[in-house]
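One structure below.
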Amino acid sequence: MMICTALVFFMHLGFAFLEIGLTRQKNTINILFKNIFIITVGLLLYALVGFNLMYPNWGANSAGYLGDFIFGISEPLKNGTLDLAYNQGYTYWTDFLFQGMFAATAATIVSGAVAERMKILPFMIFTVLYVGFVYPIAGSWKWGGGFLDQLATPFYDFAGSTLVHSVGGWAALVAVSLLGARIGKFENGKTQAIPGHNIPIATAGVLILWLGWFGFNGGSVLSADPELTSITLVTTCLAAAAGGVVAVLASTIMYKNLDLTMFLNGILGGLVGITAGADQMSPMDAILIGAVAGVLIVFAVSLIDKLKLDDPVGAIAVHLVCGIWGTLAVGLFGNLASGAQFLSQLIGVACYAVFCIATSFIIIFTLKKTIGIRVSEKEEVEGLDAHEHGMDAYPDFRLNEY
Amino acid sequence: MMICTALVFFMHLGFAFLEIGLTRQKNTINILFKNIFIITVGLLLYALVGFNLMYPNWGANSAGYLGDFIFGISEPLKNGTLDLAYNQGYTYWTDFLFQGMFAATAATIVSGAVAERMKILPFMIFTVLYVGFVYPIAGSWKWGGGFLDQLATPFYDFAGSTLVHSVGGWAALVAVSLLGARIGKFENGKTQAIPGHNIPIATAGVLILWLGWFGFNGGSVLSADPELTSITLVTTCLAAAAGGVVAVLASTIMYKNLDLTMFLNGILGGLVGITAGADQMSPMDAILIGAVAGVLIVFAVSLIDKLKLDDPVGAIAVHLVCGIWGTLAVGLFGNLASGAQFLSQLIGVACYAVFCIATSFIIIFTLKKTIGIRVSEKEEVEGLDAHEHGMDAYPDFRLNEY
Amino acid sequence: MMICTALVFFMHLGFAFLEIGLTRQKNTINILFKNIFIITVGLLLYALVGFNLMYPNWGANSAGYLGDFIFGISEPLKNGTLDLAYNQGYTYWTDFLFQGMFAATAATIVSGAVAERMKILPFMIFTVLYVGFVYPIAGSWKWGGGFLDQLATPFYDFAGSTLVHSVGGWAALVAVSLLGARIGKFENGKTQAIPGHNIPIATAGVLILWLGWFGFNGGSVLSADPELTSITLVTTCLAAAAGGVVAVLASTIMYKNLDLTMFLNGILGGLVGITAGADQMSPMDAILIGAVAGVLIVFAVSLIDKLKLDDPVGAIAVHLVCGIWGTLAVGLFGNLASGAQFLSQLIGVACYAVFCIATSFIIIFTLKKTIGIRVSEKEEVEGLDAHEHGMDAYPDFRLNEY
């Protein structure tokens, strides 16, 4: 379990690598700064606010919509004095850290979608509000034992296809809509590919994320039941493999080139897709769920482009589209498949959609109308690294001009 | 055990990093694509075909040469219905994933040796056949309880010096022979070094591989016996260290410069060398085995050059030469050392040599005579990335011309 | 525990990435070579000399200042014959490997401080002496049960703020003083920033180090008590987060730019700071200790510059200053806080200061007066890679001229 927490922590390097790899070198420092900010501030916020908000002591008559506002992580007391090793300590502290590592992920997803053009200050404010408050409140509805967990057929989300990935994905969709596309992305009615600057780093990012998913899904078998954990890892890996292979097949058929980026996004789509039901599926179910995610990725990326939404790393396709697919798939495949379950999954997806769209819109729209969310045209062209950080990611290398 | 599986999975990033680091930037996307293909397709194949082929229910009178052809991973049934958590489940699923991660490695070794000049389609076909069929059949002879495991003094290969590394190494040797050298490697009777494009990434690859070996050798103590696992990790690390130090010493004496690449290959040689007997050696045995591997690397690299075989990453020296050495060393050092054991080790090495050379020759020679295995001269000079993938690994950086 | 050892091993990649990222590309091979040398030679030395020196069988009347000089790692015997799985084996071998991974760290810290201008041969000699002898003797005083462990109120250093980080930090300070600054660092009375060449790699290094600290601090709970391990990981992560956030806040206030490097060094400072008492602190203590470390980093980096000491990666600020802070903090916060404890901590810090300054001065000063420790001006300007290794880290990329 503690090792799983370490692996989930390491996913943040995966996200950072993926995001910088798929964007231009002139914004690299900015992206790294955002990612480091998300991890550190996310952990502190989760300690100070989030954990109590997400795992509240619901009163007996609570409807289960809103958790406890208590400042500071509660500390285990024995006979009134602090005792760090007190009885329930093990689960308590490990859970805190494991969940704290998750919390930051929602903001990371948004970071990728808004890369290369969003000002750093409003992004930091958004992160504080979304990670500190929106994510734990939304999380409490299911993992905190709230109303979605109290449905007749409880909503099921094993490790966060909805609670983590869609929560980030909806905010990414809202942010991208309010922010507009990067200069040059959609010009004269044409969609221009803006290639990332370091594909090996992006590839490494995906493999690190896959590794992290061993901890993400493996660790979510909270009891560390060895049988269930091992089947969970098998379904996770098979879905990832199927997602990648199918995405690259589909994109090769459609576009006639062996597209590595699509391979990578297919893997991630498969991983996000299996996350909601990783412990409930047979290996063949997992391969099917991953394969569908692979197809969805290819079409979603194309659709998002057609909608003139500019998502540099494909975060919406991966985390939102495949997150929804994975959540619904719990009602269609595996041990829980039933009409009632599918309905509960739909209800869950809808509740998170409404709440996340509303809250992220309020936050980002307010920021847009006050301090502004987009860098100036000059800053965007010259790069955020020079203007926001006064640093260069690779000072010794000669770079192509844009 | 599950963590070990995660570490073995992570080795694939190590292999990818090593291979791209030691080759030119213009073929980077191609190499990453191959590696991602190997992992994903390898896992799916192992689920669909390989696992049953490698761990068969040998009939009572079976000679133990060929396992079961059953499509689809068998699923544990209880009273005729699927029960994912059924009794034997733990070992079963974890074993599958652990072994599935190994399976792909054989193709990865070949990938490094044929880098920068082999067409992608025949490589993909080779991978499917070699990982899906040759590797598991060969593996069943020992790990599946086949005829090499049934010798009077059973052949011993703890974690795959022969079953994994030589199996890949023989195919690499065959492939390199059939493919020919890269343009410019051997010209006017001179051997030209073609430097890799990113040595930090290659170095990271080696350290990631070393980390993965903690899982590779550690996890092969299937029972997770803590005493045996810890001595196994000690021998693994000491052999790696000795291999590196001795290789760099030898190469400094011979060539008068402190060659980082030789240091790295020496470490890998030490790791491959200890793999066959990591659980049977004392620390001093391990240091000796690693040291010999370090010397072998330096001479093998030089010999392979003299034979006009072009192996861009040194795969044959590392995986084949040190794989054979490590396998034989089980008969010479440690708990099992005896004349009878040495003979069994020789028999094992010979059986794998014949089978792997024959099968890989049939596959690659057939591909050569049908669809062809080598890219055109123009494609090789301009790089496989542009021609096979239409992508560039580092679009923002200015590159030197060749 | 074995997994923790793997994570601590992986820290060496973190150190290597951090160091090459924060220095210029022309010295990259040199740095990688040094780091690989440190790991491999460090492990071998620890097996041959260090372990017995650090964990001696103190005689009944021993003062506890100097351990056993026994060549070769002792091997467990049962009835006079080697038995690798003998009873005490588990703790014995795992301890050896875990501690062996630590040992090399002290030299790594020095490597960063002397980067870009120290000759490789004297650095290798220094490493052998410091890792092989100085570190284990110093370590025996506390972890080997020596005199600092026998104080009335024993000196406390959970995972090495002093025993590892300060031991390296003092030597770094001495080495930098004897070596002088890089050409161009302090010219015409001005301090010139010399930017590193690959900030993404440096950032990855810090995240890998943070990951390694899960093993470093987690594994130091030698008994693998799950409650204590989990609180230890919580304090570790919160101190890291607080260190980073406070450092970037302080540096933004002072210098008006969002400095990623300071963020990274703040995280490392927080990690080093919590290391001495990670198992004794509450989460709020940890945040406070990390925050103070974050402030210390910003001021220490500025002070070291003013003293005209050239430390390219900030090793002295991170490992020495925060190492001292963390050691003293054990007497000020958490379960052990008391006047007597603070005094013991001060005594410990002073003893290590005297011993490490003296030994490292003798070694490095002797090297300076005999074979010399600094490369020629020409070599420094053209880079150590070309002159000491005859290799280039990135041969395919065009580089800016200096």
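Chains: A, B and C, in written order; residue numbering restarts at 1 for each.
By our rule, contacts are C-beta pairs under 8 Å (C-beta built on N, C-alpha and C of every residue); 3 or more make two chains touch, one makes a residue touch a chain.
Keep in mind the model is a prediction, meaning the values are calculated, not measured.
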| item | value |
| --- | --- |
| Rotation angle (°) superposing Cα atoms of subunit B on subunit C, nearest 5 | 120 |
| Equivalent interface positions on subunit A and subunit C, same or different at half | different |
| Length of the line joining the C-alpha centres of subunit A and subunit C, rounded to whole Å | 34 |
| Where subunit A touches two or more other chains at once, by residue number | 3, 198, 394, 397-398 |
| Residues of subunit C that touch subunit B when the two form their complex | 2-3, 5-6, 9-10, 12-13, 16-17, 20, 28-29, 32-33, 36-37, 39-41, 43-44, 47, 72-73, 75, 82, 84-86, 89-90, 92-94, 96-97, 100, 120, 198, 201, 388-398 |
| Touching residues on subunit B, where the partner in the complex is subunit C | 3, 7, 24-26, 195-200, 203-204, 207-208, 210-211, 214-215, 218, 225-231, 233-234, 237-238, 240-242, 244-245, 248, 257-261, 263-264, 267, 282-284, 287, 335, 394, 397-400 |
